[in-house]
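Alright, structures below, take your time with them.
In the two assemblies presented below, chain A is common to both, partnered first by chain B and then by chain C.
Up next, the complex of A and B:
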């Protein structure tokens, strides 16, 4: 019998995509003068924060072997809900709290239908994506909720200890989620449900509850992302979040969490989201217009995934010999 | 010894009904402390259902369960675990991308005492895991991912998983199905150790030879009913088979040796990576040719290369003397080659589709030249094969997932009969199939040979392959190392070649 060596496995725990991140950083550092500066790095982190939070929401459901297509819509709705409450004289912190609760309730809606009713997760989250988007448009009459006072703007635009608050929020959430997914039984169960629902059931795990809770968590994270986004851009558009679900999927996949679920995780997604943010930043420094940026980013994502697939194939071939 | 005679587990009149099927009809079972109690029965007899009730996966509809003479209720997996019931499922229940310790302690991870969330105590978990693996003499790193393990190692991890909580009763559902001889010996050693500790083992197996070696008593189930319990030492194999199938199987292997026709398949110098090396052989019409060898000897690779799934580095394949220019499965099917793969559920069948859809799958162009499906025609064709091959299914619309292994295999076969394949490759055709269905499949194979089909048969069951074939090629480490004609069959010789010990064949 082969004795599998310890060190090999520990090495494997470093996500391969970290090298991709380093590569992107190196290329931009060498080719543009402004890229490798502290200010620009803080700038990148600030730009990346919302995508990071939204991508975590996506990653948790993809880890389960499912998906949450309604993340962008939840962001839009929680943004306008919070915005409208503030404009109607509700204290800022209560508005923010209720916005997050709204996200949780929407996640609960998805999670209930998927776990306890056994509906297909694609159908449920695609439908709720449409429903929630429409809801955001209905309650605002399609109009953007305009600017806010300084206390609300602190979240998305303020700074604390010399760092943008938004970066601190994203960092805090990252630490919490890394702990939750890698050190708690809940996190372990999320991975195992993603690996196989049947095996998890046979191990006595309440798989329905895990799915339910994960969708609630996803809703909460999307809610936070939506509120912070509204604060950052100083307005709550009813379509502010639309499209975020796709960037979040891209960040998750680049980060090494495949659609099958059960492997990958938060750290990879953090790197994935940073890569996307750095690409946007670097291409911006090159002077590309946003449409061209998106096209190039699309190509680069495909390239990264192709390299990943080839790498897997190469490994499989070596294994075969 | 009085300990040995204590009844630790008693099942009384257990009944379980699935929609439309009475899976268990008042089944009773008594297991003594420290015995290996074999549960025997054909597929669909209710063994697995009974065990799933015992370990809390299914809920029973009637009957009582007693442990240590106290009635117990088992409403879930956790309840069974608390009562000291462990199970090793037939299919691996391991998560490939999690490590050994995470798999072993899945759902029962050691926890730190924190109020807010359950935090896994990783240092305790890995330490306990190491101790457990050491106690079973399993030499695998606890941090290794399951996907990197071999089949036997996975089986060992399954055993460790079942033993990770205090078990009094351990259920093993066909634990040896995927193991080699050596590994089986190791498993039996572990079973003996457990017995010595007073653990009772409920052992489900199809392999009658094994029962003789390891079993103390046998309980036979048939069609969801209790047939009887006997002592292993004073029951013959024939009697067990009779209890199991309800009739006596006179001759398991039917074989009428036919006049050999012209050459149907010739393979020359086939080489694939390092898995097949310079393999050449011929199969004629009316001939069943066996390929024997250890798991990993390259037999399945040969079959899949002939079928066009693997691209060989060197070598050529001739069908009725004509060299195949392109090697792809499409081309193979066009040239009337059919493959019944080893992994029926993944490669042989579209498991979520109906019987009729599976049967016509490889012949759509032939059956529906216009490209438009006609359900009546599909039905008519399927009905013909259901009757011809005696496929036990209520109708042609049944989803194949719900059929037994033997009947699934017949559906795969029907698919290749419909394409009118001249060359049919059977890769482990009877694995996981019960005795009754086995006999039927042998009969069908013999019938096909009689009709002039050329048959390539891969099997790890030496009795089966010797009983059925005209010739045997023995493979070892990717090479054909010996060839035997059925007049010269010699079990010891064939096996010694297969394990690389045979002298050069002259």
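Up next, the complex of A and C:
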């Protein structure tokens, strides 16, 4: 079951998803008058940006054939840490940098236990999800860190060249990650570890190091997402990020990266995250209350995951014949 | 033999931890070693252990059930509105049916669709929790009849009713898992699903039944929980999932499946309850609790790994000497 790594394979599922994206846009454009406006599109991009960054964190670990359930908690903790440092008089850029470092350290924690200790990645990241969530609650004593100054808010709420800064950040990260995954040795090693860890090892790849580094990268991305989220909503809640891991898994799967890993990639996830953001925006425009929105999106996401798995099964059957 | 010794050692290590925690908290707080608090701990352990039994069964089959906390909330919230209207038996039945259905859906999506147990049950976790929120609409249902309240907060001969219920549940599950063909099949499925299927066992059926039992257990615990609290809300039961994973792993059921069991999980649940109860009594913020639980899970993974490494080393040296001889 070796996955041949070529760019054709990586992009194979993208056209299908683009079709889904178009379908969703069409449905909402026809059924609600407010949807198809430039303002609403910029609004959607703004809402999608954080999910896009968080989903990239998830996608990298799923490409390895693993997962990172602690992304939401890392987002909460880094947001809170950065917020508290700013409130204690630290310069904004140092606080932001240290927040990202905190994300990297948490990713390192996950990565060490998974790669060098060989523990099950589900149970490690699920436990660290609890631990990190708990730490965020402890250091804030359960309270939300309130509003920030303009210089920090620029990250999530400002605009540059007529575009929201948050969208520019997400675009920058997208370009960097596309380059990293498709044009570097590290990137192709990530794909090959996802294809088969055993065979990659026999081929001379230091698989432990790849896994370790990928989790650090995932922690950094989750950290950035958490900080930008705090800046956008102008407060850092210790539970701000909870639930993002689920949306991020969904964005990754919709985007054509299956749980087995080794296939799919960043571009698909970008589209997947946009689809989810559009769904949320559209349901909001229909006027559903938040609990119903979350439940509906939960249903839709589960359905999409089920369709994805059935599709994989069907394909495997076809190849079998 | 050598690996058996180490397994025994690890098994007794849990009793040692239990005694250590018990004596530690007794020394640290005068309120710990009172009859009232001990009964309280056992009653709390009763609820956790029953959820953990379900988690243990799922983990023994090589899966996991992350939806237990939310299924507990959904079934008990819907049951609560019937209970409130005075229909006790109807309410209990509705709760059990909803739990059973949620569990069956988990089982079906794992076996028939082929979702990983993590994803199937995590999805169910979100859907069930969302439905509970929608159903309750942010309100609470409280004040149930005395008859229903007896189930969760009544006492019989000075001992909480919950403890009897836990005892019955434990005995039934221990009997089913250790003494019946069905129980053996659960273990066989967990240790090697393909081999078990090829030897003629319908593993899909086993897995579906296990998740259905889990749903049922969640519903039972949900009913007992709202009976003890005398109120039902959409947010209840969120801690149960992580705590029951911890209770299972610390009890000695490894994540790889096919080993461990309900009896061990009972010890794990008591250890977990002692930890949370002791932390409450010592006045440690409840925000720490998930961190402690998480570290307990990771710690038990370390113990599991060390045990494995030790027994493999022993096994190697034994086989080498026998070859040399």
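Rule of thumb we're sticking to: the second predicted complex is superposed on the first by the 282 of 321 C-alpha atoms of A that agree within 3 Å, B and C clash if a C-alpha of one lies under 4 Å from a C-alpha of the other, contacts with A are read in each partner's own complex, and residues count from 1 in each chain.
In the analysis below, contacts are C-beta pairs under 8 Å (C-beta built on N, C-alpha and C of every residue); 3 or more make two chains touch, one makes a residue touch a chain.
Being a predicted model, the structure only gives us computed values, none of them experimental.
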Using the superposition on chain A described above, determine whether A:204 touches chain B (first), chain C (second), both, or neither.
-> first
Looking at the overlay, does A:22 come into contact with chain B only (first), chain C only (second), both, or neither?
-> neither
Once the structures are superposed on A, label A:262 by its partner contacts, choosing first (chain B), second (chain C), both or neither.
-> first
Given the touch rule stated above, what does A:175 touch, chain B (first), chain C (second), both, or neither?
-> neither
Which superposed partner A:113 touches (first chain B, second chain C, both, neither) = second
Could you tell me if A:191 is touching chain B, chain C, both of them or neither one (first, second, both, neither)?
-> first
Tell me which partner A:183 touches in the superposition: chain B (first), chain C (second), both or neither.
-> first
So, does A:163 touch the first partner chain B, the second partner chain C, both, or neither?
-> neither
In the complex with chain B, residue positions of chain A that touch it | 1-6, 9-10, 12, 180, 183-186, 188-189, 191-192, 195-196, 198-205, 262-263, 320-321
In the complex, the residues of chain A that touch chain C are 67, 113, 117-120, 122-124, 126-131, 133-135, 137-138, 141-142, 246, 249, 259, 291-292, 294-295, 298-299, 301-302, 305-306, 309-310, 313
Per the touch rule, the chain B residues reaching chain A in their complex are 56-57, 76-78, 81, 89, 93-99, 102, 106-109, 111, 117-120, 122, 139-141, 143-145, 148-150, 152-153, 273-275
Would you pull the chain C residues touching chain A in the complex into a rising list?
-> 64, 66, 109, 113-116, 118-119, 122-124, 126-127, 130-131, 133-134, 137-138, 242, 245, 249, 255, 285, 287-295, 297-298, 301-302, 305
